[in-house]
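Below you will find the structure I want to go over with you.
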Amino acid sequence: MSSVIWYLYEFARKSWAEKFAAAKTDPEIMETPSRFRDFPEVRKEYCIACGACTAACPAPMAIKLIRSSDSAEEEGATYPVINHRGCIRCGFCAEVCPTDPKTILCGENHLIREEFTILPVDKMFIIDDYLCIRCKKCLKTCSQVAGAISEVDNKFVIDQSKCIGCGDCIKNCPVKGAIKGIYINHVEEQKDIINLVVDTLESRIEEDQEKIKKLEPEEVYKIDLPMDDLVKKAREIIRNDEIIQDTIEKITDRLKMRILTWDDEKCNNCRLCVDDCPSGAITYDEEKGVQRNPDKCLRCSICYQTCPFGVAGFYVARFLFSGTLKDGVIHITLKPSQLPIRS
Amino acid sequence: MLDALKDVIRKSSIHVCLINTGGCNGCDIEVVALLSPRYDLEQYGIYVHNNPREADVILVTGAVTEQWREKLQRIYSKAPEPKIVVAIGNCPLSGDVFNQEGSSVYAPVSDFIPVDAEIPGCPPRPSEILAAILGVGPDAIAAKGRQKP
Amino acid sequence: MILPLGPIHPGLKEPIRLKLKTRGEKVLSAEIDYGYVHRGIERVMEGKTWQKGIYLSERVCGICSYIHTQTFAETFEKIAGERAPIRAQFLRVLTNELDRIQSHLIANSTFFKAMEHETLFVYMLHLREPVMDAIELLTGNRVNMGWNVVGGVKMDVNQSHLDSIMKIMMDLESEYDKYVEMFEHGPLLGLRSRDVGKMTRDDAIKARAVGPVGRASGLKHDLREKHHTYHDNFDFKVIWRKEGDNYARTMNRFDEITQSIRLIKQVIENIPPGEVRKKINIPAGYGDWRNEAPRGEVTYMIETNGNLINNVSIRTPSIMNIDACAKYMLKDVATVPDALATYASVDPCIACTERSVIIDDESQELLERQNKKEE
């Protein structure tokens, strides 16, 4: 009973009625506190288009680098754009941004310091000391961007914790292959692609074996291999065209394939090669004569040097990849080996 | 006359159904926080309960998982007309961090049901949700009610 | 008769299906269907750096998102054989306890909602808002904080921030007792929660119940006791009860909130100056770490090659607690609303649990391949 009286008393008061009529959400709640991390703010003019923010972002759809169209006076500027539907407001892009002052600002990140910006880049850059001509072009380029390349003991090295993976050093390097960008992810897939390319090239050369056998010592034999089938198979392994092109380019640059042909008609069963073969790929059978097993063969060329009748032919093939994945070709150049024949 | 009366009623009493189609639970909690005295969603005539059969507004939080692909459409068809769908957070909009190689989400949610309003953020603050719902909710429902079926 | 509840149901906040076997009004037993929010988060984490992985681990669960990042970071620190700077450890404890307070408050409010006591439901949410403000002030975001990193925390705090957190805690403490008393001595609430959903200590051991659910049934087990920061610096005692009913579970959470407030005060009074982050070089290796989440024990097992995460496995507490609820608590419950209240009292968090791989017992086949290699 007492509570009913209390309620009646409460409701009868004028202040209560006023409050009841004017009930509204407190406008204060719409204000965000000082340390609140809102969507990142982009300041286009400082961007160096290194792509660190896109590589670092944990959400797959949040940041994209875009480029405005070129005008008559200057090139179009490249800058990141934040997609609010994907951004999780973690502030990691602001943390990794290497420019000074920062291109991306996000909340109050006290600890944006150099030693903590470990970049989760997908490529690792290394300098091949054997090919490096020490022109210092990469050093100059990098000192403007990240300062990751330095000279130690007369060798140029890249500090991986400072590298932002922009790839400017490769563009400026005058020697092809002296600086390499290696994809650190998808190693197994890259191995599969390499195997696929080597197998395809080898089988293509095998097809033309009859022609190769007739080559004169100084003659050069050329084949052009179109890319369509190869790319189709490679895409089944991994769907990243960038990685496929990169791997194919690198492997064709370095690959040197030795080709061994075998001419049974010339063989006189002298069996000199059977004893010399280091892997036991050549065997003698009374019925079939001397036999070579291509799967076991090491292509060491000892049989070619030993054979007095010229049964084994030894050729060296080199490759060059030109064009893009769509319309590119692999040029195969094959010529007889200049190795001396022992007998 | 009748339409104007319907509009007033539709605007002032909104029932909300919350569906989590596979998110991290954070957006659901922020919607629950809207019920607290500070934000007080119910003073605007919005009532949150999880009953799709009497819902005017369907809030979807979460990327769509394997189990939800058909059920979401079924739940959507059970809600009476007029209805609007509001996607809260990044999961229904883009799949957020889950929409990567190897996951089992089928974002965005607009592939499955039509979405009328979007609130980005991971998760959005309650004030952002409140502003968005009040900005779009009542008028959109009234406008949808006026359309001829 | 089988009474299915969910996945979308007015009584449930998150998608899960409860199948209650009923006779009349009485609930005989219950069965639970999982799998509505399985996102394959562990598979996504594979092949990513820890910088990306820590944001993924944060999104395992939205309510206790903080403890996931802390466990993730501490696993990597264990692999490296180092520890975060002492100031960072104190700040981690501070955030962890704030997170625990808000999680327990929302767990209790859900329980009161399930008991149809709207007043306390709204009061609990009213208490929670200042705590969320404190978290936002400290870390920059309300739910998914992005605050932990391997080797420390992201941002330093200054004294004015700590003072305002201290003030929020003081206000909370002075208001808090009033609401606890409403529950503790309220006759109607007591009638509906005492001796409902009882689980004995033996059952709790059998069901591997952890966290407040296990502690309310007499399992004196809290991993904070063994954690090095708590062990070395703070005065901490495990809170536990013997009754094992809904009342004990809710009261256990209330008592833990009091204790968390006490811990936060200790942190603010004793926090040492210094660095909050140091650089840690991670070698290749395997490590595991356990921590006490608001709901119980969370385990991370991580294998790394020094740069990328090779393999990760996460065990969260809710899966055991929901199982314990279905097996031992929802047995011979008097009414269906009581069964729902019991289910709410174990504080189920569905987003946490959905990580399992289901194997068909007879054919030994993976029904749902979690490590789906093809897209």
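Points to keep in mind about this one:
Here the chain labels run A, B and C in written order, and each chain numbers its own residues starting at 1.
Here, contacts are C-beta pairs under 8 Å (C-beta built on N, C-alpha and C of every residue); 3 or more make two chains touch, one makes a residue touch a chain.
Everything numeric in this text was worked out from a predicted model, so none of it was measured.
Ranking A-B and A-C by contacting C-beta pairs places A-C first.
In this view the innermost chain, defined by its CA centroid being closest to the centroid of all protein CA atoms, is C. Distance between subunit B and subunit C, defined via averaged C-alpha coordinates, is recorded as 26 Å. Each chain gets a centre from the mean of its Cα atoms; for subunit A and subunit B, those two points are 42 Å apart. Rounded to a whole number, the gap between the C-alpha centres of subunit A and subunit C is 41 angstrom. Along subunit C, residues 55-56, 144 each make contact with two or more other chains.
Residues of subunit A in contact with two or more other chains: 58-59, 88-89.
Counting partners per residue, subunit B has 38, 96-97, 100, 122, 125 as the residues that reach two or more other chains.
Within the complex, the subunit A residues that touch subunit C are 33, 35-37, 56, 58-59, 88-92, 95, 107-111, 115-116, 118, 120, 184-185.
Subunit B contributes residues 17-30, 32-33, 35-38, 49-52, 62-63, 65-68, 71, 75, 96-98, 100-105, 122-123, 125 to its touches with subunit C in the complex.
Interface residues of subunit A facing subunit B in the complex, by the touch rule stated above, are 23-26, 29-30, 32, 58-61, 83-89.
Subunit B meets subunit A in the complex at residues 38-40, 43, 90, 93-97, 99-100, 118, 120-122, 125-127, 130-131.
Note for the complex: subunit C touches subunit B at residues 7-15, 35-41, 43-44, 46, 55-56, 58-63, 65, 106, 109, 122, 125-126, 128-129, 132, 142-144, 349-352, 371-373, 375.
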